């Protein structure tokens, strides 16, 4: 880190900062400029609280230099990570899988029908919520373990791997038992106990970006899972919260090349939550593939007008089929494949 | 809710929307305007998914009318709620308490000394983290139950009530055993399982606003606790995430009068996280009191330069004492009291 | 608009609202629901100030229904507008032009060389700033009319049309004389006098989105130009201001399909300002084409390390050439063309 | 500035960066850390484009150290600036003036009546728009010079100084002729030609913060006026654009102490635009005074339900009178005065 002194800082204040740095077990390197002095800190300061220096007299601000994640960093591992979900779906390689399905599991019949329709349309895995995080306490909260069994039935009926959300540490084992991939939702992206619990089980984890998370914070969240020994983490941009009002969230596609630049982990895009409107999903899905995304997760419901949740952003299986046909073409244009 | 049709919507599409509304068990009321048609929905639509209508053909958008919380609403309960923390601290009445203490419990000696110094300076309760939510997985995570015992020792030494954070449902009972008030942090503000668990224990709950939460979402989060039977909820604005870079967060003080307008629950302000810089805390604390806040929660450390966490935003006990002296004057100016 | 009354509103207050609506020359249509009353307003309320109703006793809020722009609206004109820039560049048709060039005109030699290199690389028009809006008053402000002459020389040397920014109404005539298309920058997107002046001259206008503008506000800004009689307006998304810190702005690509949904005007993307980093430009340019953009405007400098301004986000002509080669493939995949 | 190299940067790349720095007329100072190398730049780099270095091979990012404004900086002038508006209103001293009046000048009778009522209520200057910046091109645009004459009549009738907005450089002289203080609105806060024109006339300038402007950018905008020789600049926070939906803007009161920390210029607050709802104005006005604001500018209309513009956020003169009575008490509590 770099400690920037105020222009009117005294020599005594600079010396005090130097002492604090040494107390932290680090080396100081002061640089006297024409207008002010800065003190560079040498050593691994990632576990140190820079607040200690920020509050010291004469200090204007402290600028961090080292990134606060390690295992997720591309500097630690240059080759890209490929994460396998079930037997037939890989994220991070040349092929770009599409994970599709309804927001909620509404019954075995519905989820099996949805899975079959998604497979027919060309999807590579299915999604569906058994445990639902709902902003409104009076809204449908999901079927829980029964929902997981219905998802397993859908897998049995189609051969498609199952991705489903886990909400709390005590549910991790049961979700891990039924699902092929655990999803951590945007509202739990800094639920550190949940991240740790997901790091301590064998299934891959799809980590959604928090709606007001920077990419640095997202990589730190992934580090909680990685540090637990589970290296199969997929990062997923799903829209951030901004002032925009034409979409439910602002889908920030530049997260794809930037996360690829900083990390070896694969990056997916969720254009359904990222926009909130089914009519915007196809264009944004194509844009995601063109931007280099390693996969897509899309809400599809056999009958959106009767979906229990998220009907506005759910596509029909027929429109998914049309979308996948065009995704194949865009993927080829950027030397990838949707098969 | 109001369903706004596109200007080119057909009569058939309007009729289809009317049918969908009736299927949902609600009544439709179409209004044909000079430029377009809207269909008003009559009945309690709070548990219905408006996405079902948003996706229907010819629909431009759906505008919700009813607020999605009930128990938290001022329309349900006109008189203001007063929440008691321990024997001597009440939030929501004429008196405005100041809860002060370090970010982290760093040891029994430190927390007892901090509590004594805060009491001396005029604080009415103490805060300190035993379970720490850390963005960086390599940073100090708190002492856990040992930290809770140290907080209890600080209470024994001073008579001040203890407010401390709980991170995950399985810790709720242990934190509830030691603390006088459970705090739910910004990153857990939509951890619905944790909200539910806090609704199912007897201690009051201090609910921090999520950093990208609207006030409507915050009241829905409080509703999870209230619906569980625990009506002692304190709302706390602690800064939201915006583009501003001179503060760690943007402290949105208009949340105070607006939450008072919408709800009977008391509203506190955290000027420490709300700014991230100790030098901005006093002015914002005074502003909070002038805006009508029912309490303050402030980070104070006996030696900020050696704080393990959040040193930059921690005041010293001496500056807390000076601040409380001026808060007394501002409180009187708005017919409140800091005693 | 819809006036939502408070749940405790009296009949007298509802009647007062009805009177205010009639005073405004509009018709009222009250709807008594199970929980509250709303009053729908019938008639063209676009020129009315809804604040008059919002402040009335018993009113909770007022929800606008009609969009506040007309000429820009797709409901006014269903077929897409094609805007011609010079003789050889059209925006809004099947072909997707790439406008390229340096941030600033740094001299005749530089801009002519840049134009030649951009043409060689496959660009369809050139950009370059003669009048520069600079956040920092001590930074280079552009060559003014001399810069316009240098741009004209670059056009003469290459046959490429010239797009350049105009900063203030009194410069509109001179810029209009030299340029083929006038650009209005993000900081002037609500400089209404400038918008009006651009509506009163014959050259097409490239209107950049303000960095905190909603799409509705952007279409209202375009309406200023359109209402002056100039129907050749190109809308350009160039990134919005959010909390994100890995890019200079957050490029919101969903603006493309949404603007196409609301308006008949063509939509371009500026991936250079939209990211601020040359290394992110190619992926976002490809994503823009896949999302349906009608054109791209990209910063290219023959020697970015010696660019006077915006070096970090400028591509080299060689990398532009490679980008255009891949854009051709992506365009074909979505049934468009880069020729 | 500090150039942060990538961890895998080569010695050659570091040397190239050093050369670029020397080419810019600055000195380089490399620091080899345990994980990466940074190159500190020594000298006044405020007029240099750091993009040149950001794009160089092996560079991860460039961190600016020096602030890009000078005359506005508190380091240039330690004592606080007091700006006089007319004969009887000073901003920046012990007394805190309240500038009040309607959004628009709607006629001589209205503005004279409004001015008298505001004076009666205790206001120290009047505001009112003759030139109106309107998002909607079909909305009322103001009376122009006739409106200025009406404002002058209101001044004659009350002795109160007049603050009014100027929209474009060619109107600066005429507004400067009639007004006691020129206001630059949020949408023009980076209209650099307008800023320059206001720097070149003798009346004080009230500069509103742009709705997505950082404080650093705001001080740079003020520098445009100051650098022209006009040192009578008042900074005004009026709310920023965020995701919040309960207010028209998010009033960021921490701007007050932070601008006071960085600059000697006085700082006002506009709680009317800052919230958009008259019912929130009094609490936020009191909070502003408690936060250290040097003045307030408030929308007041004799009959808000018949205001032509901004009715929802306009107070009545009676409520202004009540507000000022409480402001006097809050001001005394923080050792200031409202007289």
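For clarity, chains are labelled A, B, C and D in written order, and residue numbers in each chain start from 1.
Methods note: a contact is a pair of C-beta atoms (placed from the backbone, for glycine too) under 8 Å apart; a residue touches a chain by one contact, two chains touch by 3 or more.
Only a predicted model underlies this, so the values are computations on that prediction, with no experimental measurement involved.
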{"item": "B-C against C-D, pair bridged by the larger set of C-beta contacts", "value": "C-D"}
{"item": "Label of the chain whose CA centroid is most distant from the centroid of subunit A", "value": "D"}
{"item": "Centre distance in Å when subunit A and subunit C are each reduced to the mean of their C-alpha atoms", "value": "30"}
{"item": "Where subunit C and subunit D are represented by their mean Cα positions, the distance between them in whole Å", "value": "25"}
{"item": "Where subunit B and subunit C are represented by their mean Cα positions, the distance between them in whole Å", "value": "38"}
{"item": "Residues of subunit C whose C-beta touches two or more other chains", "value": "212, 241-243"}
{"item": "Touching residues on subunit C, where the partner in the complex is subunit B", "value": "2, 4, 7-8, 29, 31, 33-36, 38, 40, 42-44, 63, 65-66, 75, 241-243"}
{"item": "Complex contacts: residues of subunit B adjacent to subunit D", "value": "212, 214-216, 240, 242-247, 250-258, 261, 274-275, 279-280, 283-284, 286-292, 326, 329-330, 332-334"}
{"item": "Residue numbers on subunit D that touch subunit C, as the complex places them", "value": "20, 46-47, 49-56, 62, 68-70, 133-139, 167-170, 187-188, 190-194, 211-212, 217, 220-221, 223-224, 227, 241, 277-278, 304-314"}
